[in-house]
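In the two assemblies presented below, subunit A is common to both, partnered first by subunit B and then by subunit C.
Up next, the complex of A and B:
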């Protein structure tokens, strides 16, 4: 490994050395990150429950797989102008390399946007030498054999499951090459080969069973909601109702399923905001999930999980769907679900848009600002794929005493290191280091709280913060709204 | 992919690749004791594999909840119902409530954004 110094906020110091755990980094990543592999789901029951068998188009024979893989690359090049452009137009200027948190975390050239794309670009280039019988059959066969011999699917799998699809590279690339789209395309091919990480497959299986990522049944959801509203009542003296499966309602609220498990504060915030605004609202027990893991894997599941929300909205005859706190789900929701809802005359907005609007219009009366210094981490899929940048800031500026902007913010935000389905235990060393640049950036502001309306962030950052021993706490946006509405200590929310 | 098993009272209990029970209904207290070897820590000495009354209190509550609702309770509910603060739970189960304590209680590995 070449020892590269990164210029970071004017200091010529390597950002990795700024962590007290640097010596552990040296042990883990001296030879790159090729040793950290996402596992492949092997349970046939799980795979057939999520219909992967239906998508599978090739036998698990290695040479069949390679041939299928190159054929699909050829198809992509023919059918997708974007993909062809990403393959053709890279000049290897290298500008993307140190913009990628995965490269910053591992210093592995294969684990940079250009390196990752080149794993595919090399195949694409060799394929162009094939003349398909135009010159002579013999040279084609020789070329094809060389091409197939050169393909290392294991290596491609490894590095395509070390990309968080955060699109930071796409923001900086002079040609706008979007590695996240290449990653999505390649992972789609892996799904067609019946390959998916167990964590994602099992999460999808839960969506098939219950309509949410965590296998929460209606009984369990009702129990958690009872608990949540009784806590609200203890803390505020107000009686609120967490409405589930009301026959018809004007507003359908879609929470993140983790709000029923780890992020109760966010659920309290959402219930309080909608109650205080006097909305006629409900949740749907079959659609307690804003997340859409299909975005990380393949179009089929992306559509299927998006349709689940559309169907719930139609079932409840809602006029508006309010999207809870979630990062990647917003990209799927805004770009796929909202247009589908619009066909039925239904609006779709984010809870942060609703809250910012209500605060602006004076419809939410805050009791007092939360006594805390906070900084905001822009979730990648809100800032770079969802145009949801100012609303969360507006909310935080109204609800906390001091808001500090960090350097790498808005579209230039640094990824948490666990997006794109990389919330995998087996990738933990990669995760804690890929999340480090963002935590460091937040820490440099001197804030006490790092805030983001994203469940992956809420799962990932506390681990990164703990690992690097940084004096920061992590919370959601609605948590602060709840605390400010009723003058409650944010740590007890 | 090699499956892991453990032997409890002559029965073979199947585990998934993360060491969680494949079939949560195969759980009993003997199974919990074995899983505890990897998950439970004595909060005073820091020694692993020690199962004390506090561990049992957490595990039994989780198991009861799991059998009724098919999921682990929210972490806040666990803290409130057992009266054991979250920090203490992390001292008892270093892998935390979701991936440590729930594993000992026989729940499958949590999915989604956790």
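Up next, the complex of A and C:
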């Protein structure tokens, strides 16, 4: 049973009780969520392919790992302003607890921002004993050894792989303590201990091999693009070209690799938008990926995957890089890739920014509005970390008949429950409930479609919607632009 | 003996407390700043770490930080409900402290003539509200642990708020019981402190206790959670710059020739 009721004004039931699958929640989460653990990649071949063995700095036995872990916490306190600040400035007011959708989904206090941070903060404060950070001194080796017994690395791993790094807590925290940054710091240490979930490791291996998360080779990509443009031609009667590896182009388009499998509508939208705008554009077969799983894991991989886009832009002599639909990738793109591109005089913008701008300037002529009622789910990394809030709304308002704002919108948006690298099969019971608050929020608007320009949302929400038997459909933003451009039924896009 | 004790506690200790407070806080801010963004110069690979969208300049960051410090607006942000009671408690408690500190500056401004009855009404009203809000927050702190079934409070979370409550209780009791002459005696003592000349403090047990509690609290501030008000300007999630739609427009015009 839920211990604290969270409900909408005017409703009697807790949001969890509003789901037809509530009895399953009771079975799964009555004793918290500590039983749902991300697995650890054991395949040496994969770990070596993604250079984790180069990053590993400690032998894989428990006591060495624990000692390394606490030593690194001490080092982070000296080298990372954010980490130190967040370890020292929490007043334990508890405002963050009921803002975290992981807590909303599990009601496990360890699975809340302050509970999660305190797993580390307890170690940090014991290391600094009575000074609580005043004296910049880390305990000596002997004192650290005494701490080792109290550390439960398994518990830390479990709960740090139940954080989606959505930063909802940071927005609501009176001090702006960003739990996502603590999570990223702790996962960085886990990578240095050679630990990473298999799904993330295998995805990264694909990026090493092909430049994208889905292991799409150039031939496979060309096949999908041929298929996509022939469908566009059937639906619109227009001949378009999906350009790949053009020698020189003004604009380099970086799609999400999932657009080549499940979200073809988004790929069609992007091709149509750029063709209609008359851009001299191309894709790069070595950089068919906007996502950046390095953001969830460690600095090395974040930079490596970010630099892959920079190199592609230089290869194609592009003046501008246009970023496809993706949430977490936008955070890495905007805050790492764009400043790196700027060093070479190249700009980077999002396809949603470009489309909103083109619609406002009348550069894109829509044939008619899509006959649908839609609501918009703000992806966390667009709203809180990426400043992309009004553009998707502008696009939807001009492409659909009715746009309904849901209650938790903009910076207050609820996370999909699978961000931060939690798109793991082993966490499925957690995922379907972590996504429920957002789906329920969208469902309450009475909309037919829930829309978000984010690939993780596109992978996660259909599962959540199906699990809870909600009469909603999930689509990307560019899908609607495509449908409105040519007057096509959105369900056949 | 009596003189030695009052001399040390009410003439030496105030300077010591002030020095520890100022230097301690500056030292901690320096430690945060010295920590740098991260080992490789970025926030684990990110150039920016801001949490608030639509921050277009340094000024908007400053406004954002000040709003968080003085309005506590994020507590009112709706997530299924708005927590009006906690927001009011936090607002009254912090603004009560700000006002009480401001009222105490009167000790150094004897030329500012305010009638005794007005001083009494303002002091007791603000003091009582602050006390009520402080007790509300302490009770809430215990309740939060109970309702969420989580042990989040450290000892210093209780110490800090209890200490403030003790200071306010002592101050309120002093205000209610003090003879009219106490204010002028306290003013002399306070002015003595700023001119580095020892003037004995008013001989009043509550006055002794109130001042001592404040002095010890000043020493305590840099060491533990009381550092929290100074953490905000040094929190990288609260400052930093974001581009706006105009910048995108400029880029599109420049690069695409629109």
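We take it that the second predicted complex is superposed on the first by the 469 of 493 C-alpha atoms of A that agree within 3 Å, B and C clash if a C-alpha of one lies under 4 Å from a C-alpha of the other, contacts with A are read in each partner's own complex, and residues count from 1 in each chain.
Quick note on the criterion: contacts are C-beta pairs under 8 Å (C-beta built on N, C-alpha and C of every residue); 3 or more make two chains touch, one makes a residue touch a chain.
All values reported here derive from a predicted model rather than from experimental measurement.
Peer 1: Given the superposition on subunit A, are subunit B and subunit C in a clash or a fit?
Peer 2: They fit: once the shared chain is superposed, the two partners occupy separate space.
Peer 1: After the superposition on A, what does A:275 contact: first (subunit B), second (subunit C), both or neither?
Peer 2: Once the two structures are laid over each other on A, A:275 reaches no partner at all.
Peer 1: Just checking: does A:349 make contact with subunit B only, subunit C only, both, or neither of them? Give me first, second, both or neither.
Peer 2: second
Peer 1: Quick check on the superposed pair: does A:19 touch subunit B, subunit C, both, or neither? Answer first, second, both or neither.
Peer 2: neither
Peer 1: Contacts for A:164 in the overlay, against subunit B (first) and subunit C (second): which applies, first, second, both or neither?
Peer 2: neither
Peer 1: After superposition on the shared chain, which partner residues are touched by A:445: those of subunit B (first), subunit C (second), both, or neither?
Peer 2: Neither subunit B nor subunit C is touched by A:445.
Peer 1: Just subunit B (first), just subunit C (second), both, or neither: which does A:78 touch?
Peer 2: The second partner, subunit C, only.
Peer 1: Quick one: is A:412 in contact with subunit B, with subunit C, with both, or with neither? Answer first, second, both or neither.
Peer 2: Second partner only, subunit C.
Peer 1: Between subunit B and subunit C, whom does A:97 touch in the aligned arrangement: first, second, both, or neither?
Peer 2: In the superposition, A:97 touches subunit C alone.
Peer 1: What does the superposition give for the shortest Cα distance from subunit B to subunit C, in Å?
Peer 2: 21
Peer 1: Where on subunit A do the contacts with subunit B and the contacts with subunit C coincide?
Peer 2: In subunit A, nothing is touched by subunit B and also by subunit C.
Peer 1: Going by the contact rule at the top, pick out the subunit B residues touching subunit A in the complex.
Peer 2: 1, 17-18, 68-77, 98-99, 109-114
Peer 1: Flag every residue of subunit A that touches subunit B in the complex, lowest number first.
Peer 2: Within the complex, subunit A contacts subunit B at residues 39, 42, 198-199, 202-203, 205-206, 212-217, 219-220, 223-224, 227, 231, 256-258, 260-262, 264, 289, 291, 326, 423, 425, 455-456, 458-459.
Peer 1: Using the touch definition from the top, list the residues of subunit C that touch subunit A in their complex.
Peer 2: 24, 27-28, 31-33, 35-40, 42-54, 68, 72, 74-75, 77-81, 83, 86, 90, 141, 144-145, 147-150, 152-154, 156-157, 222-225, 227-228, 231-232, 234-238, 242-245, 248-249, 251-252, 254-256, 258
Peer 1: Using the touch definition up top, name the residues of subunit A that touch subunit C in the complex.
Peer 2: 3-4, 6-9, 15, 75, 77-86, 88-95, 97-99, 109-110, 112, 114-115, 118, 125, 130-134, 136, 167, 170-178, 181, 184-185, 188, 250-251, 277, 279, 294-295, 298-299, 302-303, 306, 319-320, 331-332, 335-336, 339, 347, 349, 353-354, 356-357, 361, 363, 383-387, 389-391, 407-408, 410-412
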